[in-house]
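Consider the two complexes below, in which chain A is the common component and chain B and chain C are the respective partners.
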Partner chain A sequence: MIGDANIVDFLLQFLGQFDGIDVIKAFSAIGAGTAMIAGVGPGIGQGFAAGKGAEAVGIRPDSQSDIIRTMLLGAAVAETTGIYGLIVALILLFANPFMG
Partner chain B sequence: MEGPKIYGYIYGFPITQTLVNTWIIMVMILVVCAILTKNMQKRPGKAQVIAETIVTVMDSLVGQTMGKDKMKFAPWMLALIMFLAFSNTSGIYGLRSPTADLNCTVGLALMTFFMTQFFGLKSKGLGGYLKGFLEPMPFLLPINIIGEFANPVSLSFRLFGNMLGGGIIMALLYSALAGLYFFPIVLPVPFHFYFDIFSGLLQSFIFTMLSMVFISGAMD
Partner chain C sequence: MKTIQIFDKLSLETKIIIYGGLVSLGLMLFSFLAEDPLAFALGVLFGGAYSILNFRLMQLTFDKAMKMPSARAQKYVQTRYFLRYLITGVVIYVAIINPWVNIIGVLLGLVAVKISVLINTTVSKKNVLINEA
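Take a look at the complex of A and B:
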């Protein structure tokens, strides 16, 4: 029977048998994958922008170029947070600050 | 996708791949300009029609986005979009894109940032410029200052992340296809079309549009 406090000890003991660099690499890979969950937000946001853009073109087909321009601009701004997640993932994979 | 190589040092300054490719792209733009505007006449030839179309389209874009009173920004915006369009699509002709280096994009975004501040200060005056930070409520001053500095960060990271992400996906695709016979010739074509041409041109358009919106927003 392992108590609450013992789980942490057990985990640290388990990780302690590996090389420190390997542990850092493994957790960095997990962190990079987790950081890319940020891609969900821009997906939803850009989908909203595209849907509303299609609606607007359906209502006023004559001002299509203006609508598309505004929509692309809004989609690009919505993309920013996803790009931040991508940058965090790239830093963890290629320029890892924890590896010294 | 590797980082930009360092070719050598001049007085301690590293000469990176980004720098060299930027110069190559500058030479390419100069050559295109020289070809398109050679031997200009009252009745335009083919090359002159292309050049006039580019300038007219950019003029109308600047007029619509920034207003007719800010047409003096049109040459700068055309130069910006031409450089970005050439460098973002440089993956097709084998150059490493200069915009896949954070140094380049931060430089471009800082130019927009300083232009925003300078022309905002110039057109509103010092009082109006400082008062703009206190709107809509005075206690939002720190938020406004942070928001002002967030503009170049998001502008540069957006371009850098898009270009580097596309390059990494292309490199992964090529390494995955390396063992197959003829697939490396056929399969990457649609990916090149999307990541280099579509995404590159879209990002250069967006960078220029956002620069225009920021500058004209600071001036009004």
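Take a look at the complex of A and C:
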């Protein structure tokens, strides 16, 4: 039972049982996992754009190169956000700045 | 002058790749700001080379996907994206683990192609002519 203490106090008390480094490692792993969600979005978006692009090429085959070019540029820029998430996750896992 | 004429005739994709290389070289000039200039320059070179390869892979993927039916193209592009994402992860992991490659340099190199895309799409032909005059 938590009793009169609020949830934050309870959480701090609970975390106080463990070594500080272990707590940082655990939260870093949670943070890395959360950051990796950012990588899914561009994948879905690129796939959706490619599907619509393929439909557009089917309707107008003569403008295939224009469609591919526009899609390629959009996809190249959109991929950046996914890479940012990956970088954050990998830095948290392998070069954690909170552990000195 | 002849070089500029040849450059104008190139496709946008090729221009982006060339500009990506030039942006990487430009970013390498900032190595004097880093503690270890050689590691920073190597990092930019590593990241820039990978981002160009990544762009080429993406181009090949889209070229192939356009010859497929819509639903299949969607799945194909998504699968290929995650494969490229995995390779990017390996590149960043190698950059973090190796002490002779600066991670900030690699990150700057990775965005070189994006900078190149923005330059190629936002700087219009008209502006270039005004700047030249």
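Operating definition for what follows: the second predicted complex is superposed on the first by the 90 of 100 C-alpha atoms of A that agree within 3 Å, B and C clash if a C-alpha of one lies under 4 Å from a C-alpha of the other, contacts with A are read in each partner's own complex, and residues count from 1 in each chain.
In the analysis below, contacts are C-beta pairs under 8 Å (C-beta built on N, C-alpha and C of every residue); 3 or more make two chains touch, one makes a residue touch a chain.
Everything quoted here is computed from the prediction, not taken from an experiment.
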Partner chain(s) touched by A:Ala38 [first = chain B, second = chain C, both, neither]: neither
Which partner reaches more residues of chain A (counting touched residues only), chain B or chain C: C
Partner chain(s) touched by A:Ile24 [first = chain B, second = chain C, both, neither]: neither
First (chain B), second (chain C), both or neither touched by A:Val88: neither
Partner chain in contact with A:Thr80 - chain B first, chain C second, else both or neither: both
Contacts of A:Arg69 with chain B and chain C, given as first, second, both or neither: both
Doubly contacted residues of chain A, that is, touched by chain B and again by chain C: 69, 72-73, 76-77, 79-80, 83, 86-87, 90, 94
Parts of chain A lying in touch with chain B, wherever the complex brings them together: 66, 69, 72-73, 76-77, 79-80, 83-84, 86-87, 90, 94
Touching residues (chain side chain B, partner chain A) in the complex: 3, 64, 154, 157-158, 160-162, 164-165, 168, 202-203, 205-206, 209-210, 213
List of chain A residues in touch with chain C within their complex: 39, 42-44, 46-55, 57-58, 64, 67-69, 71-73, 75-77, 79-80, 82-83, 86-87, 90-91, 94-95
For the chain C and chain A complex, residues of the former touching the latter: 12-13, 16, 54-55, 58-59, 62-63, 65-66, 68-71, 73-78, 81-82, 84-85, 88-89, 92-93, 96-97, 103, 107, 110-111, 113-114, 117-118, 120-121
